[in-house]
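In the part that follows, the structures are each spelled out as structure tokens.
One chain, chain A, appears in both complexes that follow, with chain B as partner in the first and chain C in the second.
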Partner chain A sequence: MKRTVPLLIAACCGVVLIITAFIPATVSWGETATVWFDILAAIAFVLGGGNLLKIHLKKVSDRAAGWAYSLITVLAFLITLTIGLTKWSVPPATDQERYGETFATLPLDDLPKSLTFTEQVDLDAKYAREELPDSVKRQLQLKQENDRIVSLIFRGWMKPGQAQELLAAHQNLEWQSAIESLAEKAAVPKSMRGKVIYHADHEVLSAAGVLTENGEKELLAMEASDNWDEAVRTLTEKTHRKTTFQLREIPAHFKIPEQFAGQVKLVDQSLELTGPLTPAMQNAFTNIFPRSRPMSKKDTKDFVQKVATLDGGLTKEQKQLFTALLGVSWNADQLIAVLDEAGKSKPVIKTYRELLKEKQSGVRELEPTKPSTAPDIKLNKQQIKFIRDNVDNQQYDLGNLAGDLKERGDWNTSQQQALGKFLQKAPTIGARNKLICLALTKGKSKLSDAQYSYLLEPYRVEHLWNGQIYDLLVKSHEVKYPWSGAYLQTGSPFWFAYEYAFKPLTATMFSLLAFYVASAAFRAFRAKNFEAFLLLGTAFIVLLGRTFAGAWLSSLVPDTLPMLRVENITIFIMSVVNTAGNRAIMIGISLGIVSTSLKILLGVDRSYLGSGED
Partner chain B sequence: MGIAIIEKLASLDRRWIFLLMFLAVAIPILLELEFPEKPTLLAQDVFDEIEKLEPGDKVLLAFDYDPASEGELGPMATSFILHCANKKLKMYFLSLFPVGPQMVEDGITKVILTDFPDLVYGEDYVNLGYKPGYEGVIKVIMTDLRELYTTDARGQNIDQIPMCQDVENVQDMKLILNVSAGYPGSKEWVQYGATAYPDKVKMVAGVTGVQAPYMYPYVPKQLKGLLGAIKGAAEYETLVNEKYVEGEPKPEYREGVRRMGPQLIAHLLMIFLILAGNILFFLQKRIQRL
Partner chain C sequence: MKFEHTKLTLLFLFIAAFAIWQTVNDSEKLAGREYVKQVEGQWVPADEIDRQAGIAQVSTSRSIGLWVGAFFTLFIFSFLYKDNPFYKMAESTVVGVSAGYVMVVGFWTTIIPNLLGKLTPGLIQQWAMPGLSPEQAPGAWVYIFPLILGIMLIMRLVPKASWISVWPLAFIIGTTAGLRMVAFLEADFLSQIENSIVPFVEIDETNSVDYWQSFQNIFSVVSILACLVYFFFSIEHKGAVGKVSRFGIWILMITFGAMFGMTVMGRIALLAIRLEFLFREWLNLHL
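Now for the complex of A and B:
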């Protein structure tokens, strides 16, 4: 039995794989067999590890010859296994941690009844027969009566991503209209939007930032059940956790953004934070550095001159490059074009319910959009003049531009957003100066320490500040999935072992071959007979042909005899002589494989099962 | 006297030979010796096969090697990525070697993150990581990628990665670019990939010097082009740099050519050693006859 079962497994897998090679319809059988092979192979890895321990520990225990090497092997194995499996000192994966959110455990069944949303529908039952998207499987129920879907029941709030997946699941207006209505009903209430959400896959109630007293009251009012109350109170408590962070340096112009003044306080050199730092806060805290903007000729000249007068000076080429780089920036015309484009009214996208209504009223060709009722807004002469006059005025704060343009003419939110995006695209002064430094030191050009310090100071301040805010983000965050990081995360012990032990050791072992081959070439590679002489001649040609020496020697060969060039002889040897020999060997091996495989499949050859003695 | 010298040379301590080999490799590295490379037909074929592709075409980059072979295969892997990134191809990386994903990450860091920061992970390139199972993996993913690859190397669901959503199997790739150090590697990709689906799957490979002779029989039908060892890498690298790199290429993009310097001197030393060994061998034989 002990030998029969493996024999049967091998025979079955082999036969299945042979069948799949000849019958395309059975390809999936082969895939399944191969996946099972993978699973068995994984188990073999574990057995291999056990066997390694057994053999080497016995050697150590018996103090057999070379036991110290065995001990090193066992220790290296155990250390690698431990730090790899436990992901020791590996930070959690940033894309799975949901920074800024705080979780409180709440099973799906404990959600308040008021968070169960129902949409009465009359849909074909075929939608219930098809699989729902993974993200909503646990929350959405399709209730059927008389072979029709009569209601869609959704538990918890529906996230925009879930709604999108459901809408995309079936390209049918009836379905999409129903989902659209359900998504509206199941959306987070306006007062709580962006502040709380329920993650059904994790079974947690989540809050972004601090859950305020009003927010807590609103949530508690949804249902009076112990589990719900506890989850809400836990969430409130957790989101009021205090974090104090000592700052090494504070940018001169830093002020706490008004909208976060209630959560963050700057006390001496420390930031005192209530709750976690959200990505929005992180963005607001780091987006404080001035961005590059058009410069007048005078400002450009002064800046270049300032750097040129510092210790080290600038060459003529450096000055020209410097001036050119400062000129590479956005300009007033580009900004005006962007704002005019943003001011144009955009067609409004119709809802699925509107489209369904049109379809039911007999419209044949449905248009997904309808014209906007809002008028087009174009910048007036005053606004354009204001932009032209001020964009290169370094004293003017571009943060006030939206307000100033609004005072001088028509202005809408779309233009406001476009202006914000446009200005954000420009690099900060620090980033710009860094690029200038790189460009000015390309090739043999150099800058002095004083010039580096002057140009890179804004970048140093920015880099240090952004790093501090990131550290605050991590410090104020409650780790949710400590094992989610990649085991080879840079700086982790496993990475260290790989980078500084495994990599150089394996490379060294491989490199040693060169020394042994050289020694063997001197001692063993002898032309003792005609065959050995042929082998030697071939080796010479191939060795020369694989380097520049072959091409150099071949330069002596006349162009009329290209076949005598060393590199061409090498190619001939490899692609004709070598190929012919290899093909013969491969055909022989293949025949051997067929014969051996048949013996294994039929149980004639059982040597792979072991001797059967133990 | 002469006999004594011959006997002494014949029984020369091998540590002298080790020292010679060390110097043959170290001196060209220190002097940064470089020689021009004239691409051979096989390297040109690899280059042309990638050139034929259109921007947005999908290519599978299977990096089946480890740090032991990095010296020989790293430069061609770098050039493959550089070429694909310049051609704006969609790059799908994977490996059948346990430490292959690190080789992939090294290549991504060296080329994409450094010189192509506009390429987006998940939209322009993706690292599918390592899967155990040797040729079994190739056999399965040739017909169903999701049977084995449910996530990428970072643990992200493959269905949430935009560039993976319309990929059913490896037959959807326009070309397989394999860098191989042994088993499983090019031979397996040829046998279970290119040969099994001759009308759909095209493949080029870069292999170690030891493997190259075994791959020649597959050229040109199953294998459209072949880069053999550092020589092949240097030739292909020259072609890529000539077409896509303006001015002097960065040292990272000249590694193949740079490593050919030590290779030339080491090969010449080997030839000298073989000749010297044989001369001594015949002299010894003559002395014995006397």
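Now for the complex of A and C:
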């Protein structure tokens, strides 16, 4: 049994996988087997680790020769393993933490009854037989009667992502119309939209930012049950926690944005925050630095001159480069084109219900959009003139541009958004100056400390401020998944072991082979016969073709004989002869693997069973 | 302590002393230290501009790491002289760290998402993978089998039950044989033959014969056939077959020569990277 069962296992697994490769419906079995194989390989590492400990600990306990080295191996192994498995000092994954949100545990069954949404439908039962998207499995129920789906019942609020997944689940207008109606019913009420959400997968009620008194009342009014009340009160309490953050430096022009004035206060050198800092707040707080914009010739000249007059001066080439770099910016024409494009009315996307209605009324070719009723808006002469006059005026605040353009002619929200996006794309003055410094110090060019200081001050202030706001985001945040970070997170102890021990040690060991290969070649490669000469000669040409000497030798070859150039000979060897030789080898290997596989599966080769002595 | 070991110890002490001297006296203040800056909570390497802007700071832990990495590199290089305790120390460290590293990688990239994440998705979601759906996928229970096979594999460590570890091994061997056989037939055998079938007369864009390309194609096909003839041992390599197989050997020798040249270049590139690490990153010496 000890030998027959393994032989049968190997034969059955192998034969089944070969057969499944020829049956389309079972091709995925091979993928599953590969995953199982990976799992066993990972478990085999545990076996390897166990063996390593067994051997080296025995050596240490026996005080055998070289036991101190074994001790080093054991310690290195245990330390690396401990810090890696425990994710020591690894921060939680930023993309999983849902910064700005506060959670209160609430099982799905404890949701208020008013948060159960029902859509009466008449759908084919086939939808119930197919798998629902994972994100809605817990919340959506398809009620059937007489082999038809008669209602869709959804527990909790439906998130836009869930609605999208459900719509994409079946490309059928009846289904999509029903889901669309259900999504509208199950959406978070307008007054609470963006403020609360229910994560069914995690069974938590979540609030973004601060849950206000009105918000709390509105939620409590949904149902008077203990668990619901407790969850809402917990959420309110948690979102009113205060965080005080000592600032090291505050940008001169910083003001608390008006929309967040109720939550954040600047007291002396400290920010006092109520609730968590949301990503929107972080964005508003950090997006306060002026961005690069077109500069007039005079402004450009003055700026370059100012830097040139500082200690160290600027060379002619540096001045030219500096001027050219300042000229690389957006211009008024680009902005006008973007705003005109945004002003064009866009076709309106039809709802699935509209499309279904059209289909039922007999329309054959359904159009997904309909023309907009809104007129096209193009910037008028006055608006264009205003843009041209002011974009390069450094005294003019581009933040007022939307308001000023609105005063001078037609203006719509899509243009407003396009303007915001356009201006956001430009780098901040700090980022621009950093690029300028990089360009001006390329090669042997240098800048003085005074010039660096003058140019990089905006970059320093911006970097420091953004760092402080990020620290505030983390400080005001309640960690939800402490183990979610990447095991090889930069800066973690495991990363240190990888970066400063594993990497240099393995790379150096492999690099040592350069010496040994060269030494072995010196001893072994003697052109004793024609075959050895071919091997040696090819290796020499390939090596020569990748050195300066090869290029130099090629330069001596007359242009009429390009085939004698070292690089061309190398290309011929690699692309024709080497390819041919490798192909023959690979064909041979594949035949060898096929025959070895067959020998294993037929039980001819049993070497993997071992001698059976252990 | 042996005399050779004393010599090596003195050499390393001398190198350490020089490195300390260089760290202290480096006019650019770059030798022997690593500068970092904080970006969104992460400490990332800082460049010259960051240093000039005053936002970079010397990272003590990474600077220590730099020195550790540098001495590990030197310890490994010391083997070029002869086997010695420094090399053995580095060798023991690399064995321990590598074993720990692959175990950790296997645990977090395979056992957690592919095994436990499939069997107990709810638990793994709450603990390590918040993005995972807590609902168990249909048919995911079959992952109990690799778990059982894995446990059987670990039984190898128990002498009395070590025979049971051959069963999962048989599974690994059997699946590998089955998967590899089909994969190699598809990817290597058939595709290599398919790619070898090229026109003997190549016509270019101007509708004339491209003699050079045609020669390359013919030469390539003849070379492959000659190599295969050399691999065919069922008939004696005599007469015409012997001549063809001899040509096949020449092609194989050129192939091995090219492979050897490429391998040497790869190793030399690695060596250059290690030397660059020592001279530039550690000592900031631009020789």
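Following the convention adopted for this analysis, the second predicted complex is superposed on the first by the 464 of 614 C-alpha atoms of A that agree within 3 Å, B and C clash if a C-alpha of one lies under 4 Å from a C-alpha of the other, contacts with A are read in each partner's own complex, and residues count from 1 in each chain.
Methods note: contacts are C-beta pairs under 8 Å (C-beta built on N, C-alpha and C of every residue); 3 or more make two chains touch, one makes a residue touch a chain.
This one's a predicted model, so the numbers in the text were calculated from it and none came from an experiment.
Q: Looking at the overlay, what does A:A324 touch: chain B (first), chain C (second), both, or neither?
A: Neither partner.
Q: Tell me the contact category for A:I349 with respect to chain B and chain C: first, second, both or neither.
A: After superposing on A, A:I349 lies clear of both chain B and chain C.
Q: Counting only touches as set out at the top, which of chain B and chain C does A:A549 meet: first, second, both, neither?
A: first
Q: Go through the superposed model and pick first if A:A221 touches only chain B, second if only chain C, both, or neither.
A: Touch partners of A:A221: none, neither chain B nor chain C.
Q: In the superposed arrangement, does chain B or chain C reach more residues of chain A?
A: Touched residues of chain A are more numerous for C.
Q: Per the contact definition in the header, classify A:L561: touching chain B only (first), chain C only (second), both, or neither.
A: Neither partner.
Q: Quick check for you: in the superposed arrangement, does A:L366 touch first (chain B), second (chain C), both or neither?
A: Neither partner.
Q: In the overlaid three-chain picture, which partner chain does A:V27 touch, first (chain B) or second (chain C), both, or neither?
A: first
Q: In the overlaid three-chain picture, which partner chain does A:R523 touch, first (chain B) or second (chain C), both, or neither?
A: The answer is first: A:R523 touches chain B but not chain C.
Q: Please work out whether A:V479 is in contact with chain B alone, chain C alone, both, or neither, and reply first, second, both or neither.
A: neither
Q: Overlap the chain B and chain C contact sets on chain A and report the shared residues.
A: 30, 34-35, 37-38, 41-42, 45, 93, 96, 484, 498, 502-504, 506-507, 509-511, 514-515, 517-518, 521, 536, 539-540, 543, 546, 574-575, 578-579, 582-583, 586
Q: Can you check the complex and tell me which residues of chain A touch chain B?
A: My answer: residues 27-28, 30-31, 34-35, 37-38, 41-42, 45, 93, 95-96, 484, 486, 488, 498, 502-504, 506-507, 509-511, 514-515, 517-519, 521-527, 536, 539-540, 543-544, 546-549, 551, 567, 571, 574-575, 578-579, 582-583, 586.
Q: Please give the residue numbers of chain B that touch chain A in the complex, ascending.
A: Touching chain A: residues 12, 14, 17-18, 20-22, 25, 35-38, 40-41, 66-71, 99, 101-102, 105, 131-134, 136-137, 139-140, 143-144, 147-148, 153-156, 209, 212-214, 216-217, 219, 228-229, 231, 260, 263-264, 266-271, 273-274, 276-278, 281 of chain B.
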